[in-house]
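We just call them A, B and C in the order they show up, numbering each chain from 1.
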Amino acid sequence: MSKKLNLLVFSGDYDKALAALILANGASELDMEVTIFCAFWGLLMVREENKFQAKHKSFFEKMFSMFTPNSAEKLALSRMNMCGVGKGMLKKMMKDKEKPMLKDFLDGARRKGVKFYGCKLSVEVMGFKKEDFIPELEIIEVYQYLKDASESDIQLFI
Amino acid sequence: MSKKLNLLVFSGDYDKALAALILANGASELDMEVTIFCAFWGLLMVREENKFQAKHKSFFEKMFSMFTPNSAEKLALSRMNMCGVGKGMLKKMMKDKEKPMLKDFLDGARRKGVKFYGCKLSVEVMGFKKEDFIPELEIIEVYQYLKDASESDIQLFI
Amino acid sequence: MSKKLNLLVFSGDYDKALAALILANGASELDMEVTIFCAFWGLLMVREENKFQAKHKSFFEKMFSMFTPNSAEKLALSRMNMCGVGKGMLKKMMKDKEKPMLKDFLDGARRKGVKFYGCKLSVEVMGFKKEDFIPELEIIEVYQYLKDASESDIQLFI
(Lines give C-alpha, C1' and ligand atoms only; values in the text may rest on other atoms or scores of the structure.)
Protein backbone atom coordinates (compact mmCIF):
# COMPACT_ATOMS: atom_id res chain seq x y z
CA MET A 1 0.00 0.00 0.00
CA SER A 2 1.36 3.40 -0.88
CA LYS A 3 2.36 5.90 1.79
CA LYS A 4 0.53 9.20 2.18
CA LEU A 5 1.86 12.76 2.58
CA ASN A 6 -0.50 15.40 3.92
CA LEU A 7 0.46 19.07 3.90
CA LEU A 8 -1.47 21.88 5.57
CA VAL A 9 -0.22 25.01 3.83
CA PHE A 10 -1.11 27.97 6.04
CA SER A 11 1.64 30.31 4.93
CA GLY A 12 1.49 32.64 1.96
CA ASP A 13 5.26 32.95 1.64
CA TYR A 14 7.08 32.26 -1.61
CA ASP A 15 9.83 30.19 0.01
CA LYS A 16 7.46 28.12 2.15
CA ALA A 17 5.18 27.46 -0.85
CA LEU A 18 8.30 26.35 -2.71
CA ALA A 19 9.19 23.95 0.13
CA ALA A 20 5.65 22.53 0.16
CA LEU A 21 5.58 21.99 -3.59
CA ILE A 22 9.08 20.45 -3.69
CA LEU A 23 7.93 17.95 -1.04
CA ALA A 24 4.70 17.30 -2.95
CA ASN A 25 6.53 16.68 -6.23
CA GLY A 26 9.14 14.48 -4.57
CA ALA A 27 6.53 12.40 -2.79
CA SER A 28 4.54 11.95 -6.02
CA GLU A 29 7.66 10.68 -7.74
CA LEU A 30 7.97 8.10 -4.93
CA ASP A 31 4.37 7.06 -5.68
CA MET A 32 3.12 8.48 -2.41
CA GLU A 33 -0.42 9.85 -2.32
CA VAL A 34 -0.21 13.60 -1.74
CA THR A 35 -2.83 16.04 -0.50
CA ILE A 36 -2.32 19.76 0.08
CA PHE A 37 -4.89 21.52 2.25
CA CYS A 38 -4.62 25.28 1.76
CA ALA A 39 -5.86 27.45 4.62
CA PHE A 40 -5.64 31.19 5.29
CA TRP A 41 -2.72 32.74 3.36
CA GLY A 42 -2.00 29.33 1.84
CA LEU A 43 -4.98 29.94 -0.43
CA LEU A 44 -2.97 32.63 -2.23
CA MET A 45 -0.75 29.87 -3.65
CA VAL A 46 -3.60 28.32 -5.61
CA ARG A 47 -5.28 31.43 -7.02
CA GLU A 48 -5.93 31.35 -10.73
CA GLU A 49 -3.73 33.97 -12.32
CA ASN A 50 -5.29 37.01 -13.99
CA LYS A 51 -8.72 36.07 -12.84
CA PHE A 52 -10.47 38.56 -10.70
CA GLN A 53 -14.03 37.93 -9.67
CA ALA A 54 -15.60 41.17 -8.48
CA LYS A 55 -19.13 39.81 -8.77
CA HIS A 56 -20.86 38.93 -5.51
CA LYS A 57 -18.05 40.46 -3.52
CA SER A 58 -18.37 43.05 -0.76
CA PHE A 59 -16.17 46.14 -0.70
CA PHE A 60 -13.75 44.50 1.75
CA GLU A 61 -13.62 41.34 -0.30
CA LYS A 62 -12.79 43.28 -3.46
CA MET A 63 -10.04 45.17 -1.64
CA PHE A 64 -8.69 41.92 -0.27
CA SER A 65 -8.70 40.22 -3.68
CA MET A 66 -7.00 43.16 -5.32
CA PHE A 67 -4.27 43.78 -2.79
CA THR A 68 -3.18 40.19 -2.18
CA PRO A 69 -0.93 38.21 -4.59
CA ASN A 70 -3.06 36.78 -7.40
CA SER A 71 -0.83 33.81 -8.20
CA ALA A 72 1.87 31.64 -6.71
CA GLU A 73 4.69 33.45 -8.51
CA LYS A 74 3.71 36.77 -6.87
CA LEU A 75 4.06 35.62 -3.26
CA ALA A 76 6.72 37.31 -1.12
CA LEU A 77 9.54 35.71 0.87
CA SER A 78 8.85 34.74 4.48
CA ARG A 79 11.14 37.58 5.40
CA MET A 80 11.05 40.61 3.20
CA ASN A 81 14.73 41.02 3.76
CA MET A 82 15.91 37.72 5.10
CA CYS A 83 19.53 38.48 5.80
CA GLY A 84 19.55 40.87 2.86
CA VAL A 85 18.39 38.23 0.43
CA GLY A 86 15.42 39.31 -1.65
CA LYS A 87 13.09 37.21 -3.76
CA GLY A 88 14.75 38.45 -6.93
CA MET A 89 18.12 37.20 -5.71
CA LEU A 90 16.67 33.81 -4.75
CA LYS A 91 15.03 33.45 -8.16
CA LYS A 92 18.25 34.49 -9.89
CA MET A 93 20.19 31.91 -7.87
CA MET A 94 17.64 29.23 -8.81
CA LYS A 95 17.76 30.21 -12.47
CA ASP A 96 21.57 30.15 -12.52
CA LYS A 97 21.44 26.58 -11.21
CA GLU A 98 18.74 25.75 -13.78
CA LYS A 99 16.29 24.80 -11.06
CA PRO A 100 12.55 25.03 -11.70
CA MET A 101 10.62 28.00 -10.28
CA LEU A 102 7.59 27.93 -7.98
CA LYS A 103 5.22 27.98 -10.95
CA ASP A 104 6.95 24.94 -12.45
CA PHE A 105 6.65 23.03 -9.18
CA LEU A 106 2.97 23.98 -8.94
CA ASP A 107 2.34 22.83 -12.52
CA GLY A 108 4.30 19.64 -11.81
CA ALA A 109 2.23 18.87 -8.74
CA ARG A 110 -0.99 19.46 -10.70
CA ARG A 111 0.18 17.18 -13.52
CA LYS A 112 1.24 14.46 -11.07
CA GLY A 113 -2.21 14.34 -9.54
CA VAL A 114 -1.52 15.98 -6.18
CA LYS A 115 -4.93 16.62 -4.60
CA PHE A 116 -5.53 20.29 -3.77
CA TYR A 117 -8.05 21.23 -1.08
CA GLY A 118 -9.13 24.66 0.14
CA CYS A 119 -10.33 25.33 3.68
CA LYS A 120 -14.03 26.27 3.52
CA LEU A 121 -13.89 28.60 6.53
CA SER A 122 -10.87 30.49 5.15
CA VAL A 123 -12.44 30.77 1.70
CA GLU A 124 -15.59 32.26 3.23
CA VAL A 125 -13.82 34.65 5.58
CA MET A 126 -11.56 35.92 2.81
CA GLY A 127 -14.51 36.28 0.47
CA PHE A 128 -13.08 34.08 -2.26
CA LYS A 129 -15.27 32.09 -4.67
CA LYS A 130 -14.51 28.68 -6.13
CA GLU A 131 -13.79 30.39 -9.46
CA ASP A 132 -10.88 32.35 -7.96
CA PHE A 133 -8.79 29.18 -7.71
CA ILE A 134 -7.18 26.59 -9.95
CA PRO A 135 -10.05 24.41 -11.22
CA GLU A 136 -9.03 21.19 -9.44
CA LEU A 137 -9.16 22.82 -5.99
CA GLU A 138 -11.92 21.27 -3.96
CA ILE A 139 -13.32 23.23 -1.02
CA ILE A 140 -13.68 21.08 2.08
CA GLU A 141 -14.42 21.41 5.80
CA VAL A 142 -11.70 21.12 8.43
CA TYR A 143 -13.20 17.74 9.44
CA GLN A 144 -12.27 16.21 6.09
CA TYR A 145 -8.75 17.55 6.44
CA LEU A 146 -8.44 15.99 9.90
CA LYS A 147 -9.68 12.60 8.70
CA ASP A 148 -7.31 12.66 5.76
CA ALA A 149 -4.36 13.79 7.91
CA SER A 150 -5.01 11.13 10.56
CA GLU A 151 -4.68 8.46 7.86
CA SER A 152 -1.43 9.85 6.46
CA ASP A 153 2.12 8.77 7.20
CA ILE A 154 3.50 12.30 7.20
CA GLN A 155 1.61 15.44 8.22
CA LEU A 156 3.23 18.84 8.15
CA PHE A 157 1.97 22.36 8.94
CA ILE A 158 3.77 24.76 6.62
CA MET B 1 -10.10 3.62 19.80
CA SER B 2 -10.23 7.34 19.21
CA LYS B 3 -7.61 9.13 17.16
CA LYS B 4 -5.29 11.72 18.73
CA LEU B 5 -4.31 15.20 17.55
CA ASN B 6 -1.21 16.78 19.08
CA LEU B 7 -0.36 20.42 18.43
CA LEU B 8 2.86 22.15 19.45
CA VAL B 9 1.98 25.84 19.37
CA PHE B 10 5.25 27.79 19.21
CA SER B 11 3.93 30.88 17.47
CA GLY B 12 2.37 33.87 19.19
CA ASP B 13 0.57 35.06 16.06
CA TYR B 14 -3.17 35.73 16.03
CA ASP B 15 -3.80 33.93 12.76
CA LYS B 16 -1.72 30.87 13.67
CA ALA B 17 -3.40 30.64 17.09
CA LEU B 18 -6.70 30.78 15.22
CA ALA B 19 -5.62 27.94 12.94
CA ALA B 20 -4.52 25.84 15.93
CA LEU B 21 -7.78 26.38 17.80
CA ILE B 22 -9.95 25.72 14.73
CA LEU B 23 -8.13 22.39 14.30
CA ALA B 24 -8.52 21.63 18.03
CA ASN B 25 -12.25 22.38 18.00
CA GLY B 26 -12.83 20.41 14.80
CA ALA B 27 -10.93 17.39 16.09
CA SER B 28 -12.86 17.47 19.39
CA GLU B 29 -16.10 17.44 17.45
CA LEU B 30 -14.85 14.31 15.67
CA ASP B 31 -14.23 12.77 19.11
CA MET B 32 -10.49 12.90 18.67
CA GLU B 33 -8.36 13.40 21.79
CA VAL B 34 -6.64 16.78 21.51
CA THR B 35 -3.59 18.13 23.30
CA ILE B 36 -2.03 21.54 22.78
CA PHE B 37 1.52 22.02 24.03
CA CYS B 38 2.33 25.74 24.23
CA ALA B 39 5.99 26.68 24.01
CA PHE B 40 7.76 30.04 23.68
CA TRP B 41 5.43 32.66 22.15
CA GLY B 42 2.65 30.07 22.12
CA LEU B 43 2.33 30.64 25.85
CA LEU B 44 0.90 34.09 25.12
CA MET B 45 -2.23 32.41 23.74
CA VAL B 46 -3.12 30.90 27.11
CA ARG B 47 -2.43 33.83 29.43
CA GLU B 48 -5.24 34.68 31.79
CA GLU B 49 -6.58 38.06 30.80
CA ASN B 50 -6.19 41.04 33.14
CA LYS B 51 -4.06 39.08 35.49
CA PHE B 52 -0.64 40.43 36.14
CA GLN B 53 1.57 38.79 38.69
CA ALA B 54 4.39 41.11 39.65
CA LYS B 55 5.24 39.17 42.77
CA HIS B 56 8.41 37.06 42.65
CA LYS B 57 9.32 38.54 39.28
CA SER B 58 12.64 40.10 38.34
CA PHE B 59 12.79 43.46 36.55
CA PHE B 60 13.17 41.74 33.18
CA GLU B 61 10.30 39.40 33.90
CA LYS B 62 8.01 42.29 34.83
CA MET B 63 8.94 44.13 31.64
CA PHE B 64 8.34 41.00 29.62
CA SER B 65 4.93 40.38 31.21
CA MET B 66 3.85 43.95 30.68
CA PHE B 67 4.95 44.40 27.10
CA THR B 68 3.71 41.11 25.66
CA PRO B 69 0.04 40.44 24.78
CA ASN B 70 -1.84 39.44 27.93
CA SER B 71 -4.54 37.38 26.25
CA ALA B 72 -5.29 35.49 23.04
CA GLU B 73 -7.37 38.30 21.55
CA LYS B 74 -4.41 40.73 21.79
CA LEU B 75 -2.00 38.70 19.65
CA ALA B 76 -0.82 40.23 16.37
CA LEU B 77 -1.00 38.78 12.86
CA SER B 78 1.93 36.69 11.64
CA ARG B 79 2.71 39.58 9.34
CA MET B 80 2.06 43.06 10.64
CA ASN B 81 0.93 44.07 7.22
CA MET B 82 0.38 40.84 5.36
CA CYS B 83 -0.44 42.11 1.91
CA GLY B 84 -2.00 45.20 3.46
CA VAL B 85 -4.41 43.16 5.52
CA GLY B 86 -4.42 44.13 9.18
CA LYS B 87 -5.86 42.27 12.12
CA GLY B 88 -8.77 44.70 12.30
CA MET B 89 -9.69 43.89 8.71
CA LEU B 90 -9.46 40.14 9.33
CA LYS B 91 -11.67 40.43 12.41
CA LYS B 92 -14.16 42.59 10.49
CA MET B 93 -14.28 40.01 7.68
CA MET B 94 -14.87 37.23 10.23
CA LYS B 95 -17.58 39.22 11.96
CA ASP B 96 -19.33 40.00 8.65
CA LYS B 97 -19.46 36.25 7.95
CA GLU B 98 -20.67 35.65 11.52
CA LYS B 99 -17.67 33.45 12.28
CA PRO B 100 -16.47 33.03 15.85
CA MET B 101 -13.41 34.98 17.00
CA LEU B 102 -10.19 33.62 18.50
CA LYS B 103 -11.56 34.00 22.03
CA ASP B 104 -14.65 31.95 21.09
CA PHE B 105 -12.49 29.18 19.66
CA LEU B 106 -10.32 29.21 22.80
CA ASP B 107 -13.40 29.02 25.04
CA GLY B 108 -14.83 26.26 22.83
CA ALA B 109 -11.64 24.21 23.08
CA ARG B 110 -11.63 24.64 26.88
CA ARG B 111 -15.27 23.54 27.13
CA LYS B 112 -14.68 20.55 24.87
CA GLY B 113 -11.91 19.26 27.12
CA VAL B 114 -8.89 19.98 24.95
CA LYS B 115 -5.84 19.39 27.16
CA PHE B 116 -3.59 22.44 27.47
CA TYR B 117 0.06 22.02 28.41
CA GLY B 118 2.76 24.64 28.91
CA CYS B 119 6.46 24.00 28.25
CA LYS B 120 8.30 24.13 31.59
CA LEU B 121 11.54 25.48 30.12
CA SER B 122 9.72 28.29 28.26
CA VAL B 123 7.68 29.21 31.33
CA GLU B 124 10.86 29.47 33.40
CA VAL B 125 12.86 31.43 30.83
CA MET B 126 10.02 33.90 30.29
CA GLY B 127 9.54 34.25 34.03
CA PHE B 128 5.87 33.29 34.00
CA LYS B 129 4.15 31.65 36.98
CA LYS B 130 1.41 29.02 36.87
CA GLU B 131 -1.05 31.74 37.96
CA ASP B 132 -0.42 33.76 34.79
CA PHE B 133 -2.25 31.19 32.69
CA ILE B 134 -5.74 29.73 32.26
CA PRO B 135 -6.26 27.44 35.26
CA GLU B 136 -6.40 24.14 33.34
CA LEU B 137 -2.93 24.66 31.84
CA GLU B 138 -0.56 22.04 33.17
CA ILE B 139 3.17 22.74 33.04
CA ILE B 140 5.14 19.77 31.72
CA GLU B 141 8.63 18.86 30.56
CA VAL B 142 9.49 18.43 26.89
CA TYR B 143 9.80 14.65 27.54
CA GLN B 144 6.11 14.39 28.29
CA TYR B 145 5.28 16.30 25.12
CA LEU B 146 7.46 13.92 23.08
CA LYS B 147 5.81 10.83 24.56
CA ASP B 148 2.36 12.23 23.94
CA ALA B 149 3.22 13.31 20.38
CA SER B 150 4.75 9.94 19.52
CA GLU B 151 1.44 8.27 20.43
CA SER B 152 -0.67 10.68 18.37
CA ASP B 153 -2.02 10.22 14.85
CA ILE B 154 -1.38 13.82 13.83
CA GLN B 155 1.41 16.05 15.14
CA LEU B 156 1.84 19.59 13.94
CA PHE B 157 4.28 22.39 14.82
CA ILE B 158 2.42 25.67 14.51
CA MET C 1 12.00 -0.79 19.05
CA SER C 2 12.87 2.82 19.64
CA LYS C 3 10.64 5.63 18.44
CA LYS C 4 11.82 8.10 15.80
CA LEU C 5 11.64 11.89 15.69
CA ASN C 6 12.07 13.60 12.34
CA LEU C 7 12.46 17.37 12.09
CA LEU C 8 12.46 19.39 8.89
CA VAL C 9 14.10 22.68 9.87
CA PHE C 10 13.19 25.24 7.20
CA SER C 11 13.44 28.33 9.35
CA GLY C 12 16.61 30.31 10.03
CA ASP C 13 15.25 31.93 13.20
CA TYR C 14 17.13 31.76 16.49
CA ASP C 15 14.06 30.87 18.54
CA LYS C 16 12.83 28.20 16.13
CA ALA C 17 16.30 26.64 15.91
CA LEU C 18 16.29 26.60 19.71
CA ALA C 19 12.91 24.83 19.74
CA ALA C 20 14.15 22.25 17.21
CA LEU C 21 17.32 21.53 19.16
CA ILE C 22 15.53 21.31 22.52
CA LEU C 23 13.20 18.72 20.98
CA ALA C 24 16.16 16.87 19.45
CA ASN C 25 18.07 16.77 22.74
CA GLY C 26 14.98 15.72 24.71
CA ALA C 27 14.16 12.94 22.27
CA SER C 28 17.75 11.66 22.35
CA GLU C 29 17.60 11.49 26.13
CA LEU C 30 14.47 9.34 25.75
CA ASP C 31 16.49 7.05 23.45
CA MET C 32 14.51 8.10 20.40
CA GLU C 33 16.29 8.14 17.05
CA VAL C 34 16.49 11.74 15.87
CA THR C 35 17.08 13.15 12.40
CA ILE C 36 17.17 16.84 11.48
CA PHE C 37 16.78 17.68 7.79
CA CYS C 38 17.90 21.27 7.18
CA ALA C 39 16.42 23.00 4.14
CA PHE C 40 16.54 26.61 2.92
CA TRP C 41 17.24 28.99 5.85
CA GLY C 42 17.53 25.99 8.15
CA LEU C 43 20.96 25.38 6.64
CA LEU C 44 22.21 28.52 8.40
CA MET C 45 21.87 26.66 11.72
CA VAL C 46 24.51 24.10 10.77
CA ARG C 47 27.15 26.34 9.19
CA GLU C 48 30.65 25.86 10.48
CA GLU C 49 31.62 29.02 12.32
CA ASN C 50 34.41 31.23 10.98
CA LYS C 51 34.72 29.18 7.88
CA PHE C 52 34.19 31.01 4.67
CA GLN C 53 34.73 29.20 1.42
CA ALA C 54 35.08 31.72 -1.39
CA LYS C 55 36.60 29.22 -3.76
CA HIS C 56 34.36 27.96 -6.54
CA LYS C 57 31.68 30.48 -5.64
CA SER C 58 29.98 32.91 -7.98
CA PHE C 59 29.60 36.59 -7.08
CA PHE C 60 26.06 36.02 -5.82
CA GLU C 61 27.12 33.00 -3.81
CA LYS C 62 29.90 34.95 -2.14
CA MET C 63 27.50 37.78 -1.27
CA PHE C 64 25.02 35.27 0.08
CA SER C 65 27.64 33.52 2.21
CA MET C 66 28.94 36.78 3.60
CA PHE C 67 25.65 38.44 4.44
CA THR C 68 23.88 35.50 6.05
CA PRO C 69 24.57 34.36 9.63
CA ASN C 70 27.62 32.10 9.68
CA SER C 71 26.71 30.09 12.77
CA ALA C 72 23.73 29.08 14.88
CA GLU C 73 24.44 31.68 17.58
CA LYS C 74 24.17 34.52 15.01
CA LEU C 75 20.63 33.74 13.86
CA ALA C 76 17.93 36.38 14.52
CA LEU C 77 14.62 35.96 16.31
CA SER C 78 11.56 34.99 14.24
CA ARG C 79 10.33 38.50 14.88
CA MET C 80 12.91 41.24 14.95
CA ASN C 81 10.95 42.92 17.66
CA MET C 82 8.55 40.32 18.90
CA CYS C 83 6.52 42.33 21.37
CA GLY C 84 9.57 44.44 22.13
CA VAL C 85 11.63 41.42 23.11
CA GLY C 86 14.99 41.28 21.38
CA LYS C 87 17.40 38.38 21.10
CA GLY C 88 19.69 39.97 23.67
CA MET C 89 16.86 40.05 26.20
CA LEU C 90 15.93 36.42 25.49
CA LYS C 91 19.56 35.35 25.92
CA LYS C 92 19.84 37.37 29.14
CA MET C 93 16.67 35.73 30.48
CA MET C 94 18.05 32.29 29.59
CA LYS C 95 21.38 33.07 31.21
CA ASP C 96 19.70 34.34 34.39
CA LYS C 97 17.88 31.02 34.65
CA GLU C 98 21.14 29.19 33.92
CA LYS C 99 19.65 27.56 30.84
CA PRO C 100 21.92 26.43 28.00
CA MET C 101 22.18 28.58 24.88
CA LEU C 102 21.51 27.56 21.27
CA LYS C 103 25.16 26.63 20.76
CA ASP C 104 25.05 24.33 23.79
CA PHE C 105 21.94 22.60 22.49
CA LEU C 106 23.56 22.20 19.06
CA ASP C 107 26.71 20.73 20.63
CA GLY C 108 24.54 18.48 22.79
CA ALA C 109 22.61 17.18 19.81
CA ARG C 110 25.88 16.50 17.96
CA ARG C 111 27.33 14.63 20.96
CA LYS C 112 24.15 12.60 21.39
CA GLY C 113 24.32 11.32 17.83
CA VAL C 114 21.44 13.27 16.28
CA LYS C 115 21.71 12.76 12.52
CA PHE C 116 22.04 16.01 10.57
CA TYR C 117 21.02 16.14 6.91
CA GLY C 118 21.16 19.02 4.45
CA CYS C 119 18.76 19.39 1.52
CA LYS C 120 20.74 18.96 -1.71
CA LEU C 121 18.56 21.33 -3.73
CA SER C 122 18.83 24.09 -1.10
CA VAL C 123 22.59 23.64 -0.79
CA GLU C 124 22.96 23.97 -4.56
CA VAL C 125 20.65 26.96 -4.93
CA MET C 126 22.34 28.81 -2.08
CA GLY C 127 25.76 27.98 -3.47
CA PHE C 128 27.04 26.30 -0.33
CA LYS C 129 29.67 23.58 -0.36
CA LYS C 130 29.87 20.56 1.94
CA GLU C 131 32.82 22.26 3.69
CA ASP C 132 30.64 25.18 4.79
CA PHE C 133 28.83 22.98 7.28
CA ILE C 134 29.51 21.01 10.46
CA PRO C 135 31.42 17.89 9.34
CA GLU C 136 28.72 15.33 10.22
CA LEU C 137 26.13 16.99 7.96
CA GLU C 138 25.25 14.65 5.11
CA ILE C 139 23.74 16.14 1.97
CA ILE C 140 20.72 14.17 0.76
CA GLU C 141 17.89 14.39 -1.76
CA VAL C 142 14.34 15.22 -0.73
CA TYR C 143 13.40 11.56 -1.50
CA GLN C 144 15.57 10.31 1.35
CA TYR C 145 13.99 12.82 3.71
CA LEU C 146 10.51 11.64 2.70
CA LYS C 147 11.37 7.98 3.24
CA ASP C 148 12.89 8.73 6.62
CA ALA C 149 9.95 10.94 7.67
CA SER C 150 7.38 8.36 6.59
CA GLU C 151 9.01 5.83 8.94
CA SER C 152 9.10 8.22 11.90
CA ASP C 153 6.65 8.49 14.78
CA ILE C 154 6.78 12.29 14.91
CA GLN C 155 7.41 14.60 11.95
CA LEU C 156 7.48 18.34 12.35
CA PHE C 157 8.11 21.23 9.93
CA ILE C 158 9.85 23.98 11.87
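To be clear about the criterion, contacts are C-beta pairs under 8 Å (C-beta built on N, C-alpha and C of every residue); 3 or more make two chains touch, one makes a residue touch a chain.
All of these numbers come straight from a predicted model, not from anything done at the bench.
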Set of chains adjacent to chain A and to chain B: C
Type of chain B:chain C copy interface by residue overlap (half), same or different: different
Chain B-chain C separation of Cα centroids, rounded to whole Å: 25
Residues of chain C whose C-beta touches two or more other chains: 155-157
Chain A - residues contacting chain B, complex: 8, 10-12, 39-41, 44, 58, 60-61, 64, 67-69, 121, 124-127, 141-143, 145-147, 149-150, 155-157
List of chain C residues in touch with chain B within their complex: 3, 5, 15-16, 19, 22-23, 26-27, 29-30, 32, 78, 82-85, 89-90, 92-94, 96-97, 99, 153-158
